[in-house]
Amino acid sequence: MTGFAHPDFSAPRFAGVPDARFVPAPADGVLPENFFSTTNLPTYVRIDGRWRMPQEPRMDAALVLDAQRELWVREGRRLRKGDLVAVGHREDGTEGIYVYADAFMGDSAEGEFKFMTSEVSREKPIDYALMARLLVEERERGGYPVWVAGPALVHSRARNDMAWFIANGFVGAMLAGNAVAVHDIEASIFNTTLGMASSGEATTGGHGLHMRAINKVRAAGSIARAVEQGIIRDGIMHACVTHDVPFVLTGSIRDDGPLPDVITDNLVAQDAMRRHAIKATMAILIATALHAIATGNMLPAFVTNADGSLRELATICVDSSEFVVSKLKDRGTHQAFGVVTNAQDFMHILRLYVERELDARGRGAERSRAVAAAR
Amino acid sequence: MTGFAHPDFSAPRFAGVPDARFVPAPADGVLPENFFSTTNLPTYVRIDGRWRMPQEPRMDAALVLDAQRELWVREGRRLRKGDLVAVGHREDGTEGIYVYADAFMGDSAEGEFKFMTSEVSREKPIDYALMARLLVEERERGGYPVWVAGPALVHSRARNDMAWFIANGFVGAMLAGNAVAVHDIEASIFNTTLGMASSGEATTGGHGLHMRAINKVRAAGSIARAVEQGIIRDGIMHACVTHDVPFVLTGSIRDDGPLPDVITDNLVAQDAMRRHAIKATMAILIATALHAIATGNMLPAFVTNADGSLRELATICVDSSEFVVSKLKDRGTHQAFGVVTNAQDFMHILRLYVERELDARGRGAERSRAVAAAR
Amino acid sequence: MTGFAHPDFSAPRFAGVPDARFVPAPADGVLPENFFSTTNLPTYVRIDGRWRMPQEPRMDAALVLDAQRELWVREGRRLRKGDLVAVGHREDGTEGIYVYADAFMGDSAEGEFKFMTSEVSREKPIDYALMARLLVEERERGGYPVWVAGPALVHSRARNDMAWFIANGFVGAMLAGNAVAVHDIEASIFNTTLGMASSGEATTGGHGLHMRAINKVRAAGSIARAVEQGIIRDGIMHACVTHDVPFVLTGSIRDDGPLPDVITDNLVAQDAMRRHAIKATMAILIATALHAIATGNMLPAFVTNADGSLRELATICVDSSEFVVSKLKDRGTHQAFGVVTNAQDFMHILRLYVERELDARGRGAERSRAVAAAR
Amino acid sequence: MTGFAHPDFSAPRFAGVPDARFVPAPADGVLPENFFSTTNLPTYVRIDGRWRMPQEPRMDAALVLDAQRELWVREGRRLRKGDLVAVGHREDGTEGIYVYADAFMGDSAEGEFKFMTSEVSREKPIDYALMARLLVEERERGGYPVWVAGPALVHSRARNDMAWFIANGFVGAMLAGNAVAVHDIEASIFNTTLGMASSGEATTGGHGLHMRAINKVRAAGSIARAVEQGIIRDGIMHACVTHDVPFVLTGSIRDDGPLPDVITDNLVAQDAMRRHAIKATMAILIATALHAIATGNMLPAFVTNADGSLRELATICVDSSEFVVSKLKDRGTHQAFGVVTNAQDFMHILRLYVERELDARGRGAERSRAVAAAR
């Protein structure tokens, strides 16, 4: 991943620039006119003559200075009347706010005739070796890769591979919806997903099986308790519970049930997701438009290294069609790297390459698990 | 792979069947009228009282008997004048040619070889006249068409057409998410959607405009109040408010803001949607997987007529790709009729056809509006 | 819209049927075991000897009888402990609940309500083990699998895997167009495809590399001679030449060059393809609409076994989108089995499974190659 | 459409630059090593100290200086041994060849955070008014718009609209394949396409109808004669014949028949297409990957105005998916403007807007037809 130095604020263009201006919020959950609307790029705010970066960066939010003169990025709905909010429209520093876009958005189409310049295409090679190396490096340095998945992951039987990544320390947190957990649990109990057998055939009476799976977990009280009681014996949720990997299941209007662990209020759910997003050092988004874009909205495009320098936050988006990746970028997650393929195949090959990478580094799964356990 | 025995030609249905008839080709590369057009299925031809299979079978070709009385499948272009070609249209053996479709085609299309049997395809014609007639009939009998839309409706500038349908009494209830309303209101206030001008170009500073639109409505307190205060002056939400058409805005984890009218808890939101779903007599689902499937889950496949008999609940699902319609059906909404096109174009042409249907029925928009108002 | 009469409950099949059985909910929001899971179809419940329809029908919910003996369809989460819920799995009336599927579902899925009934979907599992077994069996019995590929195979770096299948006796004939060979040869000479490096980046000056590759082969006179002269040193065409696997390169109006081996007249090209199609015992069609449909047109849907009986001609169609498979079926190749994934990933996993299948059969690659060589 | 001045060759960067170097072709159809591979952008070649533009520009070809010292862009296969071919890899003028990329490829992603920056998306508005104006202006100035269409145009019943554009002088030439003509003629004779009725239903026995249509035209000898004999009575091919609009039908390996007018050899077919491509002042590519990319390969990205200045060659590419447009750009047709919609809907709305534009200009269809006839 590309690394970046901070901008040189001693450059002439920043001379004589004023401090950023802050204005109180007029009411609870309402921003002042001309509030500065954040991006996911490194952002510097001039306060008391010093350029500072806000904490918990994300796009589509506001810059808030608290009573301790700490600087935060906050969603408008979380503000209280009187909170101090930065105002201004310019991102070039002339109003005391500088968005460091060059480093991250600079490269494309330098006026040369080329083939294959599209950003996302099923015709581009997929560099599994690179992704495997990134994942292994993340694990080694104690990173926090956030995995976000849609139900196709389960339908298409990539459950085993996902559970392997969870069990082996490659997952900081798992973000998904009710359906992922429901299909995963249906597969564990009935060996079907939405009533479809592993051969892909719809089974007679199968349309009710996901409802029966949900009902069993509701009766147990929670997924963790259903694991304890032996109702859920394998799969993704089982791996999260038994390996203490935190998961967030967020609700949607499409949900059946829902499972007891699902957060049904979207604002509460966003807050729960964000608690992981602010820790993320990598993101893997698989076969979901809703959850991928929701997560993309919350993620900065960068990670701050231990030495204070910045690097791109590796964001991999996997989908069967170019459209989802393109849409994610169109919503501002420009750093996303698109992989156009089937979720099942992606998981299978990625695991294979991670295993090879581990072998190449001379570390068997045992030791890796130990490293992971020690985190 | 499934294996098959040959048909039993001693069965009564094959008794008394004639030999196939062969006719000479009238010119090089030209087949005789009524030539038998082959399929790729096992085919048996009665010659001299014996059922024989031709060599080198393929579809879209002819059955040719050569001088040695060998039977071949040959492309028409390869024939010479005078070559003997089998004629006949029937594939059931009664003209001496039997296509063994049952074994191979048994569980679809009534066991007959056909082209274009897929359920949903961009290659199928779109019957706008029928949809327009259904909508006008629904209005005449006081039906309750539920419209469900995704943000592509607004992005692609079908706002005006949607507002027209609302204003003219074709909408029983409007179900959508935060984004539809946000983009619609951004368009009304700033003339952009997600900062994109109507020309399709991204505007400088445009990434914050949807946040500014949300903030203005939050400051006003509700969409209705923002309409009253002249903040929102046209579009979909404006039409709902001014024409008293009920709307439900349900939340998702992807939402910015959200707008004050959005129901953030998914279970409360489902209950609100269902209050309209149980009244629905027709459903039009446009450019949304999430909301379409959520609504499909709640809809019966039928409507009870005034006389107690049942009719299918007309359910139209419009999307740019076959996948969403197919997924909707895979989740049980089998009655859905798929239209594979762009939301903007769909709305424009549908409105055109509804206007024509109204004209044909000798009723101007004025009278229609009166009818609608009286509901 | 089609209208339907109610079923005739005086018919003999409904004689002696019991009332539906209702059981109290064990806890708030929890259904009793064996609850009846509703569909969206007209449903009739026998209560006190009378068949009644529930109010507010929807799928994925329960049948609830309230204190006033009114019958409702209710989501499980809305139930209170003790509410009476219908139980039973059968939908044919024999347990007092009848789902009127025939009228609504008559021409598909044997008149039964099911999920996941679409013919082709990215959400269906891919049975690589089965495909691997088919390929190995074909090789063992001396079958003639015809492989048909589009250029995405080469772009996305599945070249090595394709060359492996050729080298190891799994390819009877290779059918492709000019582009497959051009990109394959460009990759061998310049290590790019259409000027794109293996990392997916467009290279400076790269747009001319495929033209330079073509020119070198034109200068050599043929692909075989370019292999002999050491111009082409690896890849798909190299494998065909060195392993004596026949290939047909057919031309199209999109071709640059073309390569000297390309058959530029389409009728001559069809005849050349058909010489292999009539021998085919299996077909694998990867990432090409043009060549897949052209080949599908020529293939029978069946193979004649040694004993004269018939079996289905296994036809696998791989594409990134459902559309190509669906179109192939719409053109009459109904036997095609669709795999919706990326060509690169497909080839990689298929090879892996074939290697496993060979290992499981206790035959190393050496012996397999010997078998193949002896064909 | 953007206009461009020629580069200023008196600028210092062009001082001291040598003439381009020309080398004889080593054999028929073979280019010299290091031949200059052309792009579709304005290209200037220094000959005898003067910068000249070649005639008949296209990408993927060579620069050839003939005996009269005329400069041409020629496909390698058309060269004879000894023809003089420009050599060099650099496009910046330093080897006497300058590709004017800046003006055409300059604009994108100027390092600013924006939403909706993707090049092609179904979420972008479609500017029918602009396209209609371009078409009407083309007709007024006697331009030569080349239309290229795939069979979806006919399947989805846009036949009438396409025939209207032909009849009213908006079509310089029509390029298509066998299938477009076959389906169009099947529709005229049998009122089906591939056996599918206008309602979208497959008809019994319908799978042979396109073969019967082909056979009738083969018997007549040509499409024109089938029109004369009253076999073909309406539709696209009928309009071309009766309005003297030239058409080119190129063959492919997928063709049934083919029709007698189809050019079966791809090199002859490319030459026939190119005779229209070199005259093109606008291109409309609808629902075809094969023909769109084939045409894109042959088209310059620019048109030379009467005053010698340049303008972009308006190139509209319509498809149901983003992929085809993206692929067309990836093959170098960067000027293509993508419209993601259904072909039927596109044609219907475009015609509507063209009719409005004509009304706005106060010219009825009658006069327009007169103008067109006088061309």
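To keep things simple, chains are lettered A, B, C and D as they appear, and every chain counts its residues starting from 1.
Everything that follows uses one rule, which is that contacts are C-beta pairs under 8 Å (C-beta built on N, C-alpha and C of every residue); 3 or more make two chains touch, one makes a residue touch a chain.
All figures in this text were calculated on a predicted structure; none of them were measured in a lab.
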Furthest chain, CA centroid comparison against chain C: D
Chain pair with the higher count of C-beta pairs in contact (A-B, B-D): B-D
Centroid distance [mean C-alpha coordinates] between chain B and chain A, Å: 34
Approximate Å spacing (C-alpha centroids) for the pair chain B, chain C: 23
Residue list for chain D, restricted to those that touch at least two other chains: 39, 91, 112-113, 115-117, 122-123, 194, 207, 256, 258, 321, 323, 330-332
Touch list for chain D against partner chain C, complex: 26-27, 29-31, 35-37, 39, 59-60, 76-77, 89, 91, 194, 207, 250-256, 258, 264-267, 269-270, 273, 289-291, 293-294, 297, 321, 323, 330-332
Chain B partner contacts - residues on chain D that touch it in the complex: 112-117, 122-127, 151-152, 155-157, 194-196, 198-200, 202-208, 211-212, 214-215, 218-219, 256-258, 320-321, 340-342, 344-346, 348-349, 352
Contacting residues of chain A [partner chain D, same complex]: 39-41, 91, 99, 101-102, 105-106, 108-109, 111-113, 115-123, 322-323, 326-327, 329-332, 334
List of chain B residues in touch with chain C within their complex: 1-6, 39-42, 56-60, 75, 77, 103-105, 107-108, 110, 113, 115-119, 121-123, 134, 267, 270, 274, 277-278, 297-302, 304-305, 308-314, 322-323, 326-327, 329-335
